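Following this line, the structures themselves.
In the two complexes below, chain A is the common chain; its partner is chain B in one and chain C in the other.
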Partner chain A sequence: MQNIEQELRQFVVDNFLFGQPNGHLSSSDSFLDKGIIDSTGVLELVVFLEETYRIKIQDRELVPDNLDSINNLVRFLERKLQHTS
Partner chain B sequence: MCGIAGILNFSEKRVDPVLLVRMVERIGDRGPDDFGIYTDKRAGLAHTRLSIIDLGAGQQPMHNEDKSLSIIFNGEIFNYLELRKDLVRKGRSFRTRSDTEVILRLYEEKGEQCVQDLNGQWAFAIWDSKRERLFLSRDRLGVRPLFYTISEDAFVFGSEIKSIFALPNVSREIDPIALDQIFTFWVSIPPRTIFKNILELPPGHSLTVHRKQIAAQQYWRLDYAEGAKNLGSAAAHEEQYAGELLDLLVDATRIRLRSDVPVGAYVSGGLDSSFVTALVKKFTETPLRTFSVTFDDAEFDEGSYQNEVTHFLETDHQEVRCSCEDIGNVFPAVIWHTEKPILRTAPAPLYILSELVRAHGYKVVLTGEGADEMFGGYDIFKEAKIRRFCAAHPQSTTRPLLFRRLYPYQPYLQGQSDAYLRAFFHVRPHELKSEFFSHLPRWELTSKLKMFFSEDIKSQVRSHDGYADLRSTLPPGYSAWDAFCRAQYLEAAYLLPGYILSSQGDRVAMAHSVEGRFPFLDYRVVEFAAGIPPHLKMKVLNEKYLLKRCANGLVPPSVMKRAKQPYRAPDGKSFFHGSQLEYVDALLSSDRIQQDGLFDSLAVKSLVQKFRQGRAIGVRDNMALVGILSTQLVVEQFVRNFGDRPFYAEHRAGTASVCR
Partner chain C sequence: MQVEEFLELSAGRSPEKTALVCRDRRLTYREVEEQCNRLAHALVAEGVQRGERVAIYLENSVEAVLSIFAVLKAGAVFLVVNPTTKVDKLTYILNNCRAVALITDIRNLAGLESRRPQLPHLKSIFAAGMSSTSLRDSEAQLVSLENTLSRADLPNLPPVKKCIDIDLAALVYTSGSTGKPKGVMLTHLNIVSAATSITTYLENVPDDVILNVLPLSFDYGLYQVLMAFKIGGTIILEPSFTYPYTVIEKLVQEKVTGFPLVPTISAILLQLDLKGYDFPSLRYVTNTAAALPTRHIRQLRKVFPHVKLYSMYGLTECKRVSYLPPDQIDLRPTSVGRGMPNEEVYIVDDNGRRVSPGVIGELVVRGSNVMKGYWELPEETDKVLRCGHLPGEKVLYTGDLFRMDEEGFLYFVGRKDDIIKCRGEKVSPKEIEDVLYSLDGVAEAAVIGVPDGLLGQAIKAVITLREGAQLTQRDVQSHCSQHLEDFMVPKFVEFRDELPKTDSGKISRRLVAAGALEAAE
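Let's look at the complex of A and B:
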């Protein structure tokens, strides 16, 4: 999971912070509170997760509890990957 | 419609006519029909003319009998016939039929108070050589532009910044504070412009220059005190409001048809332009030709509504189709005209549209501009209302569902879960107390673009507080106004002149020598609208309620019923569609970004990559790309290579008439 966390962080930094130094993004930081993500950001994130990890995300799963921090993402992804494997 | 420019030397020294010629040559698009200059012992005035009224005799600069007064004027005074009659009654005689002479005579009669009587759109300068006073004025809402700069030994002004830059020794430097303001509010706060030391005369202001004393006065301001006062008392008067408004709009339209050349109208497919077109058709005898722009991209195209309108109103109609490639191709020219960074490409299709208008021999068009600001049409007003409604009961799970009523044209927002919808529109406690409540979501989103600023720019603007700048320009009594009126004011006082009427209005129309006229911006209409109780502007969530009541029966029913769709155009993808655009590659290259020093080259590179891969779909990314590219185009065309653009004069026949 260490690996996944790094991949996710890399995606967030590249895609939403445009490679800017990310020392201040901790794994528990809320993307919403930090203003990192907007409405299209959620969809960009979903496309990335579905394509990279070959999972299918249901509409009802599109909630901040699943997607709103690196930690939430890791937890959500772990659960999804267990289900599919 | 024309362009003006001038120089006032602080000491007694004749202005070199060559400098004046250079100044108006730069803005020759504004007036290709004729040009003239005037100099005396310390002042120099220049004018480039688009002939619309009194084609034979309206030459400028125009003087009074003893030549102690000289005027140059850009714009139209729509009530000039009434003013003229009045002045003749008072014993003033006239040599021409032009509105220019009416201003001059009115100034003789009333001095600087003359502006109070004018109903129109203007930027003019009067040189009073006896009193050694230069008097400049700009219309109430900022339809026509006027810029100036002050040097050691002279006051210099012009319709566009490029006329001022035509002079040697005027420095051309980007102002980081203005950049910060644009990347927050979409506009810089006047008098500040994107260039250091170049100032804009704010709407509703006049300015006098006497020797080295320079003083600006605000002669008019948008005031909503009346609207707040009427709150709650007017339900019974709804009918009366609608009747009065229609009468005013008919008259505002009628006097805007005064012209010695044929007048056309833009039809967007929305309510406002349809209503204006209907007012012309139903209440006047004027034969009307309409023009519109359609898009390849269905997301932006309003062609079907435009067809309904033009069939319903039986106008002679022309349209031009606009593709992403077209926008990419004309964008550098568009920025040459806007003279400032913009965050949307929407001015580009209007630039293409004015070319169509000109190609059909038209110089004047009526449009629906201003209705959304004055009558409460924008989604930002609705959003603020819902946010306040939700904030009153933060625990409610049903209230946030109202946000689905917003931005129906934004599919990504519509697709969100309830939980995210709640989160995106969540109102934080400090926001409720802010005088900028309605606009905080927009400004905070836009401020995100500053992550692309270079370290250097970031450090230069770090201690700067844009909100404090804006606060210092708010009118007295603002905080006591109704919340809806405060939101209207922020749109009407800043975005309207700074973007809608300039980048999307005057500048792209005048690029092809076309003049826009706006019945909804007649000051009588504006003042009437400001006095309408807010709940009649937006009834619950029904936008432009009273205006729709007025328009009922005059425009197609489908246009009345359709969801509000703001005019938009394809943004970022216009630059990465089809064949590669050389200027985009060059101006966004890491080398160039580093040399120019305004943005972070690594961040820009990642953004460009995101676009090239087709992954950039969000509002923020699109605003960032358009904002960065347009800023780079401003640097390229005004700071780096200003002298390289060929003078307009090289492309035109005709000679200057020089009078002394």
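Let's look at the complex of A and C:
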């Protein structure tokens, strides 16, 4: 899961922080509160998750509990990957 | 009438009714009124005078709404600054309007600390989310916002009224073609007039429950709050549309009747699986900021068959210009309708003469909703506010090109200047170009809007580099994101060997755009 966390962080930094040093993004920071992501960003994130981890995300899963921080994303992915394996 | 009376009259009529819902908090009109009064008294005690400016730098929150009405009750002028605004621009705005107080969140304050010496006018800062329970951190000159709102020693009743309705109520900063933001001056009369016209054609009633996801720094978002309080309805405030299903669930749970959209939101909404959702309470949906593609209109009509869909058009300088009555939307989906109640609109040629139906010209707006001017920019103001036919009256030249059909319905054609409309927000190419030029290695830059299904227009930067310089798209976006609001960061960056110029040697955005279009084909 260490890898997944790194991959996710890299994606968020590359795409939403435009590659800025990520020292100020902690794993529990809310993307919403930090102004990191908007609704178009969420759709980009979902495409990334589906393509990289070969999972299918239901529209109804697009909620802050699943997506709104690195920690939430890792937990969500762990759950999704367990179900598929 | 003054804007804060929207709240005061509704609180008098129905004190126990729910006025405001945001995240897990629900406030009645009485609670909103009393907390606003306390904050208003605290502002006065801090020395805020009639007509002085108070900036609100907060995301959509209970505190943002309370602050707006508290500032008005104190007799001052409010401005809401988008929370994604970077510190350079915030400093510029605070100094430009000489704000004497700032209401913000402790998290948003961090970047501003080092700028305090450059903010000579700013006397007080009220901050939400201060960890200590102390009322005041004297070293940092900070006042706790939450403690102020609940302070028992502050009166529950409003301060004595000092303003009249031709006094300023708000400044709304908007992108200008010069690259520096301009403060649109709105009087109480301007806002009351616009809100009255809009709630009239939307047929709003006290039972209305309006859900707003748009930032309050954007006048379309701000007016949702003002109008909900005016009619004595309920406003459901969401921080954003980032997690669409959270918002969809709220629409159902709160039995929302009115849902304002911009094209970006409707594009996302139409991509969602809404099977199993039913919106029996929803009465109307509105769109403004940019034209809704006809395809979206048809799809929205399918998703919400029983709902009235209002296609509208406006600009900050007069709030709203026109609306298309919902029964017309299937007949003329590309029209943005007619002038709203208590307002006159017409189209003129370059000499200011009215044109016949079908002829393209500049749209002119006449009404009490037209702004007082741009803050301390008399020349810019004179360009857009020109003499009307009554002595001394000013009418607004919108800079938007329109045509009108035989029955008086308006059709948007384009802008007279290069302003880009992205995600419903006006973006000045000059402002972004100034930031691009501050990046080492950039020799020339032009910023243009390119068509985008989701954003309306997406921002594209076209750049030539200095000899030997090496920059990537990522470098450019990273630099921009440090100096500009999120919505202004270019989505596309193109590098060219040279940029086309006009005969006078100026870079021509029009020719750059034509080149970009060719390349895409």
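Criterion: the second predicted complex is superposed on the first by the 85 of 85 C-alpha atoms of A that agree within 3 Å, B and C clash if a C-alpha of one lies under 4 Å from a C-alpha of the other, contacts with A are read in each partner's own complex, and residues count from 1 in each chain.
What we mean here is this: a residue touches a chain if its C-beta (ideal position, glycine included) is under 8 Å from a C-beta of that chain, and two chains touch if they have at least 3 such contacts.
Quantities reported herein were computed from a predicted structural model and do not represent experimental measurements.
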Name the contact category of A:K56: first (chain B only), second (chain C only), both, or neither.
neither
Is A:E44 touching anything from chain B or chain C once the two structures are fitted on A? First, second, both or neither.
first
In the superposed arrangement, does A:H83 touch chain B (first), chain C (second), both or neither?
neither
Contact residues of chain A, present in both the chain B and the chain C interface:
14, 17-20, 32, 35, 38-43, 59-60, 62-64, 68
Of chain A, residues touching chain B in the complex
14-15, 17-20, 32, 35, 38-44, 59-60, 62-65, 68
The residues of chain B that touch chain A in their complex are 410, 412-413, 415-417, 419-420, 423-424, 444-445, 448, 451-452, 600, 602-607, 610, 615, 617-621
Flag every residue of chain C that touches chain A in the complex, lowest number first.
59, 83-84, 107, 239-246, 264-265, 268, 271-273, 454-455, 474-475, 477-478, 480-482, 486, 489
As the complex stands, chain A meets chain C at residues 14, 17-20, 31-33, 35, 37-43, 58-60, 62-64, 67-68
